[in-house]
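Labels run A, B and C following the written order; every chain starts at residue 1.
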Amino acid sequence: MDQLAQHLLNATILGGTYALLGIGLTLIFGIMRVVNFTHGELYAFGAYCMYALVMLLGVNFFLALPMAIMLGVALGATIEMLLLGRLRGADIDTTMLVMIGAWIAMQNTEQWLWSGVAHSINNPFPAEPLILGPLSVSWNRVYVVVVALLLIAATYYLVNRTRLGKAMRATFQDRQTAALMGIRIDRIHTATFALGSGLAAAAGALLGPIFFVAPTMGDLAAAKAFAIVILGGLGSITGATLGGFILAFVEELGAGYISSGYRDAMGFLLIILILLVKPTGLFARKERIG
Amino acid sequence: MSKLVGLMASAAILAVSASLASAQDTIKIGVTQPLTGAFAASGNYVAQGAKIAEDEINAAGGVLGKKIQLIIEDNKSNPTEAVSTVEKLIQRDKVPVLMGAWSSTLTLAVMPKLEEYKVPMVVETSSSGKITTSGNPYVFRISPTSAMEAKAFQPLVAKMGIKKADFLYTNNDFGIGSGAEFSKMLKENGVQVGVMETMDPKANDFSAQLAKIRASGGDTLFVTTAVEQLTLILKQAKEQQLKVRIISCGGSNSPDQLIEQAGDAANGSFHTVFFTPWFTEVTKNPDASKRYMDEWKKRGHHVGGLTEGFRGYDGIYVAVAAIKAAGKPDPEAIRAALWNVQVKGVYGDIHFIKQGPAGKESAQNEPAVYLVTITDGKVAKTTF
Amino acid sequence: MNRYLPWLFVALLASVPLWLTDFYFLHILITTGIFIIAAMSLNLLLGYTGQLSLGHVAFFGIGAYTSALVSLGFQVELFSGFTVSLAPKPAWFAMLCGVIVAGFTGYAIGKLSFRVRGAYFVIVSISFAEVVRLVAVNWVELTQGPMALTNIPALTLGAGAFEISFLRKPAFFILVLIAGVASFILISRLVNSRAGRAMIALRENESLAMSVGIDVTRYLVIATIISAAIAGMAGALYTHYIRIVDPDIFLFIYTVTMVIMVVTGGKGTLAGPIVGGIIFGFVPEFLRAMAIQPEVQWIIYGVLMVLVVYFLPQGIVPAIGRYSASRKRLPDADALPATSTQVRQK
């Protein structure tokens, strides 16, 4: 019974970061319809920023996080303007291929700069875990889930309650009309991509200190992000949040009770299952597939 | 038209590669190590140690009147890639002797190529018994086998009061071999073996396995994996309040790196190592140890790598000793010469005994094994 | 003249083992050849039917593993007490099994995943490849997981005095060449047939194709079966050449390599994957000779891919075709690719 409670606790914490990843991608993939292969690289980028800031430049651990996120936002905006600018309205295939090229270039740049050896980031939390009865959780992970939830709430507010958010939703529902209404489409595209990328960077910056920072860390994260987006339904932030938690629970319980080796497979099996049974995802609005 | 372009491109590249076959004014030694991927930390340390040996040897005049040149290829912690690096080194660079490939799985993967092309390889780290018992006469291992390690550990079982042990090891030849040898030894000594959990070499979350181990209720946990995963395991074990005695096996555990990266979580753990840089006085050849350590620190390499880099250092010295005895950079002559090599290395007095099926024996060294512990953020001798 | 050029090329390649003494270079040619075959099979799906299948390496790997397992023999316990075992079989039989199993997988995947299109299909295909990889990693009893299947026997044909062994590189090179030419002919026959035209029709405009009565799913499945079978054959060739296979063969990066070959060469053209394969097979060696690190190589590929999509969206072969057509000042029907600007109905 204790084991189960521990698994559930672990899953909740993991779910927060997965939700961040998923929301970031649902904005880009779901709303912008860009199969964003660089999402994993932004995740890794966030982690590398934390490494550089905290370990190499000695910046305070808590200050480094918003800095890493800002850098992620900036990188996302750059990618969008540089690469996707010319491809507005192009095939989904074309943008996808460009994103693949960008992904390869980015990951290998990271490896070239930082070498293939995994780096670790020190954190200022006490080594003793927080004990809640029979359960224990490290302070670092508590911090991660708290920050993740804050960011999710902030994003929700941004997209659903601000003018910028309204402009985003309008642009992707109907570009022409939005443009006619005076919305700067280009800026909105850049802003949405940058926001999605910033969230991915945040997830990486939060998880980097818990695990390791290595050039390939983004690949698995990106794959899971796609699973979450599909699970929750394209474009739905609520869906992505819930999807993140659902994936975390499935993974954690599957690993704990079925097989730890197939842990990462859970996400992919979930995607395939959902796409075959209910392709629109659990929480999406009605839309045509393909 | 496009075919023509392709033809011309091929011809051009042919010409370029042909012209790049440079003059043989150095004696080349091929090195294949995991410089990227799951074992990158250790692979890089070994390569650094090898380069120290290269520079020392060249400063002393090289061998057979020529300088030696290490050609280091990255096998990316992957067996297929390891085979590819060995092909490159043998076919393209024409090296007469190799050192590699770090992980047992990688070494096992390249062994058929050694036999096919008849080039000997000095095995500096791998621990799986299979490497020297497969009947491959081109394998010369200076690192201990898991069986030797388990045997050296045997006297401590009673002294440490181990009654029930669990295992956690990485899902490859290194981990599986170590788990098998140690569990066999423990059972022979009356210890109950609990669960034997595995993990993918690339995994970084072990909460599921650790929860099962906690439920198993043993007093000791034997872990075998590379240092990156070991760090995470120590941290996560502490997070999950796993209060067992943790012993890491395999010798690639870099205790200093563990202290630095796992912090307090590393305290109270035990590690089998094959070199004790903290107490060089107990090593067989303190002079060699000191020489190696001084140069390592002078180059500013990470102090955590001392327990790994010496493997590359010793490996190159062994290869060069054989080249010298052979009198020429010829693979067959070097192979014959390796059998009689005696090097006073950091591993100890390196020499080779026969192991494996008669007529096709492989060579095996018999190094010392030490057990250290970490207390208060420092490495200490164990006093049993 | 144009008609004989390909055969001249093949003849030149066939003569290579006679004059090329550098075995390392021959090794590069062999692995590049195998990858070109895989790229041609991907082109069938990507270029001709327009389906963005990014899980293609799964078929390659399934062919490889099946062939390895059948030639090594295996024994697994499926569930309590029920074991399946197979004694080692000759390599040629194993390769055949590899092709069949891969083709069958193509059929299964085709039937299942063509319920969705576009971006969803992309993700299903990637997920499928990842699941297969994880099975290969974890089902250690069957696949040896990260420890890899080693000592895979080389291919030998015939028996006794007439035995030909494909262990040595020159022989294997000829084998790959034959396989490559055979695949090329098969694909070009398919593409120029009625089925091929149906596939192109559904690539250009699926709804319209359906409306004139083309059974879209049927043709997609046919294309997938053939594509998967050819990829499986390439995988089987690979295992019996390299003689080791591990789960990393299923890594996404290999699909990406094939995609780069097809896209930069020219998707939807027969020569495209060949040109792309030659470039991306040889360029790494060329760059290594210039002492450029592997990471920088990949950065160059990434940039190259982006540039190709921008400036030569059809790929290199069609671009050269247009160039030579414009120089001849005659509309040369052979030189123009089978693609045209695509207006996707979404």
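Here is the rule we go by: a residue touches a chain if its C-beta (ideal position, glycine included) is under 8 Å from a C-beta of that chain, and two chains touch if they have at least 3 such contacts.
These figures come from a predicted structure and were not determined experimentally.
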Using the stated contact rule, I'd like to know whether A-C or A-B comes out ahead in C-beta pair count.
A-C
Would you kindly say which chain has the C-alpha centre located farthest from the C-alpha centre of chain A?
B
Centre-to-centre distance between chain B and chain A (centres being mean Cα positions), rounded to whole Å
37
So what's the Cα centroid distance for chain A and chain C, whole Å?
32
Which chain A residues touch at least two other chains?
111, 261
For chain B, which residues are shared contacts with two or more other chains?
74, 171, 200
Contacts with 2+ other chains: residues of chain C:
137-138
In the complex, go through chain C and note every residue touching chain A.
50, 52, 112-113, 115-124, 126-128, 130-131, 134-135, 137-138, 252, 256, 259, 263, 293, 295-296, 298-299, 301-306, 309-310, 313, 342, 344, 346
What residues of chain A sit close enough to touch chain C in their complex?
29, 33, 35, 83, 86, 91-94, 96-98, 100-109, 111-112, 219, 223, 226-227, 230, 259, 261-262, 264-265, 268-269, 271-272, 275-276, 279, 289-290
As the complex stands, chain B meets chain A at residues 35-37, 40-41, 44, 74, 171, 197-200, 203-209, 211-212, 214-215, 228, 231-232, 235, 238-241, 261, 263-265
For the chain C and chain B complex, residues of the former touching the latter:
5-6, 9, 12, 20, 22-25, 27, 137-138, 140, 145-148, 150-151, 242-246, 248-249, 271, 274-275, 278-279, 282, 285-286, 289, 294, 316-317, 320-321, 324, 335
Write out the stretch or stretches of chain B touching chain C in their complex.
1-7, 9-10, 13-14, 16-18, 20, 74, 78-81, 83-84, 87-88, 91-92, 105, 108-109, 112, 171-173, 176, 200-201
